[in-house]
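The same subunit A turns up in both complexes below, where it pairs with subunit B and then with subunit C.
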Partner chain A sequence: MNVNKISSIEAIALILILTINRLSISLPQDIILSCGSSSILNVIYISIVAIIFTLIIIKLFKRFLGQDIIDVSNFLGGKTLKNIIGVFLILYILSISSFLLRYFAETLKILYYFDSPVIYILLFFIIVCIISNIFGGHSIIKTNLIACIIMFVGLIISFLSVTPNMTIQRSLPILGYGAEQTFFYGLTNLIAFNGLLILYLVPPMLSNKSDFKKVAIISIVLTAILIIFAVGSILLGFSFSTQIDKISSLYMLLSNNVFGKYLQHPESLFSFTWILSFMSYINIACMICIQLMKKVTNIKNGKPLVIPIAIIIFFLALIPKNLVYAHSFEDTLYKFIGIPVLFIILPLILIFANRKYEKIHKNDYDVPK
Partner chain B sequence: MKENNFDINPKDKKSLKEVFTSVKQYIHKVFYEEENNSYNFTLPDTTNSIVVDKSTNYNSDTSKLDLNNEALKVLDTSKDTVFQALDVNLEYMKTRFNSLINSDVKIREFTLNARNKQYGAFLVYIDGMINQDIMNNYILKPLMLKNTANSFEGDQNRIISEAKTNNITVRKVKKFNIVEYISNCLIPQNSVKKLNNFDEIVSDINSGSCALFVDTLDICFSIEVKGYERRGLTSPNNEIIVRGPQVGFTENLRTNTSLLRRYVNNENLIVESINVGKQSKTACAICFLKNIANTDLVSEVRYRLNNLGIDYLISSGQLEQLIQDSDLCSLPQMISTERPDRASNLLYQGRVCIIVNGSPYVLIAPAILSDFLASPEDLNLKHQYSNFARILRVVAAVVSLLLPGIYIAITNFHQELIPTQLLYAIISSREFVPFTLLFEILIMEFSFELIREASLRVPSPIGPTIGIVGALILGQAAVEANIVSPILIIIVAITAICSFAVPDFSLSFHFRIMKFIYILLGAMAGFLGIAAGVCVHLIVICNMKSFGVYYLETNPLKKNNVGNGIVLSPAFDRENRSGFLKSKRPKIQDEISMKWKYYKK
Partner chain C sequence: MKFLTHFRKFVIVILGIFIVIFAFSGAYNTQNIDRLAYVIAIGLDVGEHEPLKLSIQLSRPGSTKSSSDQSSDNNIVNSVECSSIESGLNLFDSYVSRKINLSHCKVVVISEELASQGISDYTYTLLNSVEMSPHANVIICKSDSEDFLISSKPILESLASNYYETALSSSEYTGYTENVTLINFFSDYTDSFKEPVAILGAVNSEQSNSLSEIKNDNSSNSISDINKDSSYIAGETPISSKDNIENMGLAVFHGDKLVGELNGLESIFHLVVSNKLESCNISIPNPLGDSESIDVNLRLAKRTKNNTKFVNGSPYITSNINVEIKILSTTEESNRGNSDYFTKENMAKIEESCNKYLSESITNYLYKTSKQFNSDIDGFGKYAVKYFLTMQDWNNYNWLESYKDSTFNVNVNSTLKSGYTFI
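Now for the complex of A and B:
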């Protein structure tokens, strides 16, 4: 599984896919429910914060060109820290992707497959994940690029198609539930940029290592644009006081939209693109877990790990009792583990690694300062 | 009291140790050893052997290279002229035409007889492009055989007139000139040119002339002896185009190589002979442009052809299956064409052609997915027409692959997509059909495939009849008998028409097979099943390689890929060769190709 030669556009797609999938299920309504009519303001605010944060990450990675957070941990704390961070990230990715999968499968069950057990829906994702990972990382990344483009175009079309139904007054009052809620508590919505996780792992995968800065900035800006579009279209399309937390808000928005006489309900077409990109997401989650395991255990052949990891994702996805539990698990993981890890622990490792680097090379004049 | 003996005997101990060791070895083998059973060839960059042609003045990427590198060969042949020494000329021509590997370039060395004097000489020509009878009877015979015309002394001067005055004889003598003599007396041809520049000589040879070099002469005779196979050539049967050449390859290897020579018209075209098959020893030829094609690609093709342990080879179709990268997917991995113009175009891009004696289809490697959606006509048409046709073909390919599956997915799982009135129409049309939708669609698709296969196998005059009987009469009867619904007939018909619009036969076949899988997936889980199928299909396609090149080039932003993929750019803007071919000459044309328009004095 050779994934150390990916182009910049493939890396951008890799980061985007993590956010794009959440847009089609729970992300926009989570933001709207937390901030109300100030959601757009909140999203712009967290986008600025995320971009600043990305610039800091780029700066911190400058001395570790072509190295990921595992290599940096190894540099900072030796094998122990490397193993701790590696195992922790594997568990985090496995659990978050499993609960997201369950949530998506439950959504699909409610929408189309009410007679089928959820296991039946989950199996489609798991089988595709196994086949894809057996074929290898290169094809997964290429397929992800295609899925990401389809999903991106689909999302933009769906946002544009609901434009006639938007009412600008729905964004009033501009501060929603208050400034504190928007700018302080609303900071937890930073997890919308969970694609940052890939940013910590992508440097060694890039074919041109110096493209890291470009990849990071473009992907975060695109993510921000998509989130603003998604939240904007739902907020302005629905009243935020409406109960939209039942199932996919974007689906509800599209199904309530009038598209014309001939194509009355095209939302299934959009859901087709969502399924495709979600499959790609699960493939990537499995692939990254394998890559991390390879790094932590120094194994060369990751293929025997594909089926066990896919089975773990499958069984973890079966843990929540229903859609509400799945959403609650996912939300808890993001808020209490995702945010501290992505925005505190991993940056701290980078900062300390930089300090150590400075200490080691303080008398060297030919190393980057 | 009896003591319990928990001691393990030494034999068991040993076996436990062995088990432990073997488990350890197994784990090591599974996790710590790289897989080495799969053959993996990737086309490397050949930037260190890029040929810089000084005769062109465009700013290619090669201009940035370090020209001190010895690997960079500088070719500027425009000023090369014929030498007086025959051996030097011989070596020059051998090198220029790569005669050691070029099987159709013939060099005939002989002794020329002129006025009882003998001169060393040689002829250069391309087999398959000259007329053998003319060559034997009117070139070699007069030059080699002694006859009365050239039997007197070699250096005698010719007396034109003689006058005697006061016992003094005054003779007007024309000095003997061997060049004039050969031209006027020994070559009874209507078109003989005396050339000095090697580029002109090579160009003439490429177009079917033969070049005569004589020792001590610093000129060469270019004698026109063209003799292409003309009457045997017919138009291609399966790659029909409206605008473009109407000539196709034949079963004869030499005719095919001469066709390629005529289109390519460049001495860098190498035609390398290889015999395949232990028993049949079928003659095959590898053709490529020496100064363009990636050296590793050519070596890989040669390696695969040289390492075939088969008894016999009859057709290029058999060869294609034997040298393709993967047999896992039914997608074609090499272009198979019967058109010399298409083959020449692809040769100039940097690809390699493989010709099999006895087969009118030439194989071209490597190939990517967009090659199979392109028609040979595309380059002959304006880019707007070509792009319109290409988009149509892509849509047709997607429809032929997915339409029946999507139909069954929508009608079973996603009915809200169908407009209400159409939904009523579908329900009412299926009211009296006793079968499930899946069974109904499988019957229809299977019947259609049967009709298609039957019409191919029956003699050609009956073919259209089978089509009419199958499509019209049976279809109508099936609807009236309530076996199938009329809507389904429309779906199957659209799928069939779209599958005919796919230009490549093999790709169309792949879609025909995959269509059934999508029908089953659509029936199983609607769009979820179709998406799973599409995802796995994409994964397989992305993983496929054709001679070291990934089958799906998905990066449209790469500079080298612009204008060479699904969408064709205008002719003046097609500056680069496809990046994935990693050819020695990255550029096809100058940055400003329409100099007549943009270069004003």
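Now for the complex of A and C:
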């Protein structure tokens, strides 16, 4: 189950799928509710910040070609730091994917499977996750590429379809709830770029290790485009988007929009691709946890870990009482753990690792500066 | 060992398939056409003993044969007094012995009386439903909503649901009303720079003719004199067909409360100002004197350009309208001599007459929405919001309440394109 020869496009899809699934569920609404009419300004602002941040990460990884954050932690603080970061990332990925899974399962239950117990819907995803992870990482990554392309194109079409109903003035007053809310508190919306987590883990997986820069820049720009489109179409298309939190942004977009006389329920068409992409997301979450566990525990065969990890995801997904709790848990994790880890702790590790590298190699002239 | 690995995969796949099949087959609780009763229209009214009188029009399964006699048989309308929409639907569930399903509901009919009290809760409840289509039309009925549903007798359609779909599409070429859906209504209601409108509907009864006669006698306004055929509202048109529904005009809301009505002609002006007009026929004063008025087909030549400024703290609204007209009516004189409609001078006179008539009429209409209704149904607020930096400033200004202080400046530029076969 070694995943160490993936192409650039597969790596980009790996990063994008994380954002795509959050975009379909709650992300655009969360941003719009927090910033109001200045949401577009806010997402442009956080996109610029995220791109600058990505360029910094690329620069920091330059000396650690083909190594991920676990390897870098090992270099910086030995086994202790490696284990701490590894375990922390495993727990974070497990919990965030479980709560997102529960949120998605509850959404499906409300919209389509109102008579089916939520446990069945969860099992549906867990079983797929187990089977696909047993088959191996490469099949997951290739399937993810297909799901990601379909979802990416589908989302762009959905967002563009709202254009005739858009009222540009809904982006006014330009500062929304105020400059402070847009530019200072609004920085928490950086978590929209949660796909950056993969960026810390993807370098050893790349078949061509020097493609890291290209992968990082393309994926972050595509993520920014998706987020700007999503927030723009929902904010400008529906006046109530600044006041009412609907169950799913994509569902709201599709069910409230007209796609001509012959396509009256486009949301049903999209739900199929939506489920596929979410399956892909859970498969990847499980696969990455296995990769991390292998690194932390130094085991070679990750297959025995598939079922235990899937069971953990399943049971964690059962913890929230309902959809509201699942969303609240997910939101809290993103804001209070995701942002500090992704944007402070991991970059700090990279910065200190670079300094250590400089110290060690200060007399060497053939090492990258 | 290899056999064991393959066998394990096989067992996992089979197990997965079985779980999925059993989980989603739902054989114990199928939702199909034999167990569901499809609602095609909902009526909401004020109850006598309960806050709400809920009426539903059900589709009779298998009733697709076309016949005007059959149409009334296909029309199953039931009513119940209840405290809320959901509890009313539950009562219907037990009565019709099938599960009531709203996924094919085409129309929400709300009585004038209920609309005057406020319909916010009902619109929120309906849009919260997964089944309810946000594209159902919203009709404000001048009579009891149950009577409205009972009177919906399709003459040219075999299915009542088709009837509702096609009946409202006439607004595309008459402009006498607007195709307002539940999501449009809700979006305008929650908007901070626009107020909602709904389709105005009524039952055309025997009283309609007498009402229209009284109206014609009392009418002394020159604008409505010229366009008196467009100046009716639903329920007052002098059409000979009795006890059938008609949709004409618009119901104007301030917030969630009904505050007034617009007749057919005013609905056209609303569509012109808000850039939604496709095509309509109106009459304009004839400057050449060969007849009292000229009937023209009117379309927007360019998008209407609206602008809002603030003069001494009050809104000053400018509307620049560009229309193109084609002459429909013609007389013997108009085809020869000085009254020829298509000489350069006469064309200019007709355009001038059209500009004057439309700018006066539209100004009157805008002052009516402002002074009488205090309802910005044309969304001028969106041109004012650019002057505010934050939502707090905008909310403090309270555009929707300040609209009544507006002053209007309407400029119309019409271009006479042609007639039809007579030139």
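Assume the second predicted complex is superposed on the first by the 363 of 369 C-alpha atoms of A that agree within 3 Å, B and C clash if a C-alpha of one lies under 4 Å from a C-alpha of the other, contacts with A are read in each partner's own complex, and residues count from 1 in each chain.
Everything that follows uses one rule, which is that a residue touches a chain if its C-beta (ideal position, glycine included) is under 8 Å from a C-beta of that chain, and two chains touch if they have at least 3 such contacts.
Predicted model, so just to flag it, every value in this text is computed and none were measured.
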Touched partner set for A:69, first subunit B, second subunit C, both or neither: neither
Touched partner set for A:118, first subunit B, second subunit C, both or neither: neither
Subunit B versus subunit C as contact partner of A:313, first or second or both or neither: neither
Touching partner for A:128 - first (subunit B), second (subunit C), both, neither: both
Which superposed partner A:18 touches (first subunit B, second subunit C, both, neither): neither
Subunit B versus subunit C as contact partner of A:148, first or second or both or neither: neither
Subunit A residues touched by each partner, larger count belonging to subunit B or subunit C: B
Contacts of A:333 with subunit B and subunit C, given as first, second, both or neither: neither
Common interface positions of subunit A, toward subunit B and toward subunit C: 113, 116, 120-121, 124, 127-128, 131, 255, 264
Residue numbers on subunit B that touch subunit A, as the complex places them: 30-35, 410, 413-414, 416-417, 419-420, 525-532, 534-536, 538-540, 542-543, 550, 552, 554-555, 557-558
Subunit A residues touching subunit B - in the complex, by the definition given at the top: 7, 9-10, 108, 112-113, 116, 120-121, 124-125, 127-128, 131-132, 135-136, 138-140, 142-143, 145-147, 255, 261-269, 271-272, 275-276, 279-280, 283, 297-301, 303-304
Subunit C-facing residues of subunit A, complex: 36-37, 110-111, 113-116, 120-121, 123-124, 127-128, 130-131, 134, 167, 169-170, 172-178, 238-240, 243-244, 255-256, 258, 264
Residue numbers on subunit C that touch subunit A, as the complex places them: 9, 12-13, 15-16, 19-20, 23-24, 26, 29, 31, 130, 134-135, 183, 186-188, 190-194, 379, 382-383, 385-386, 388-394
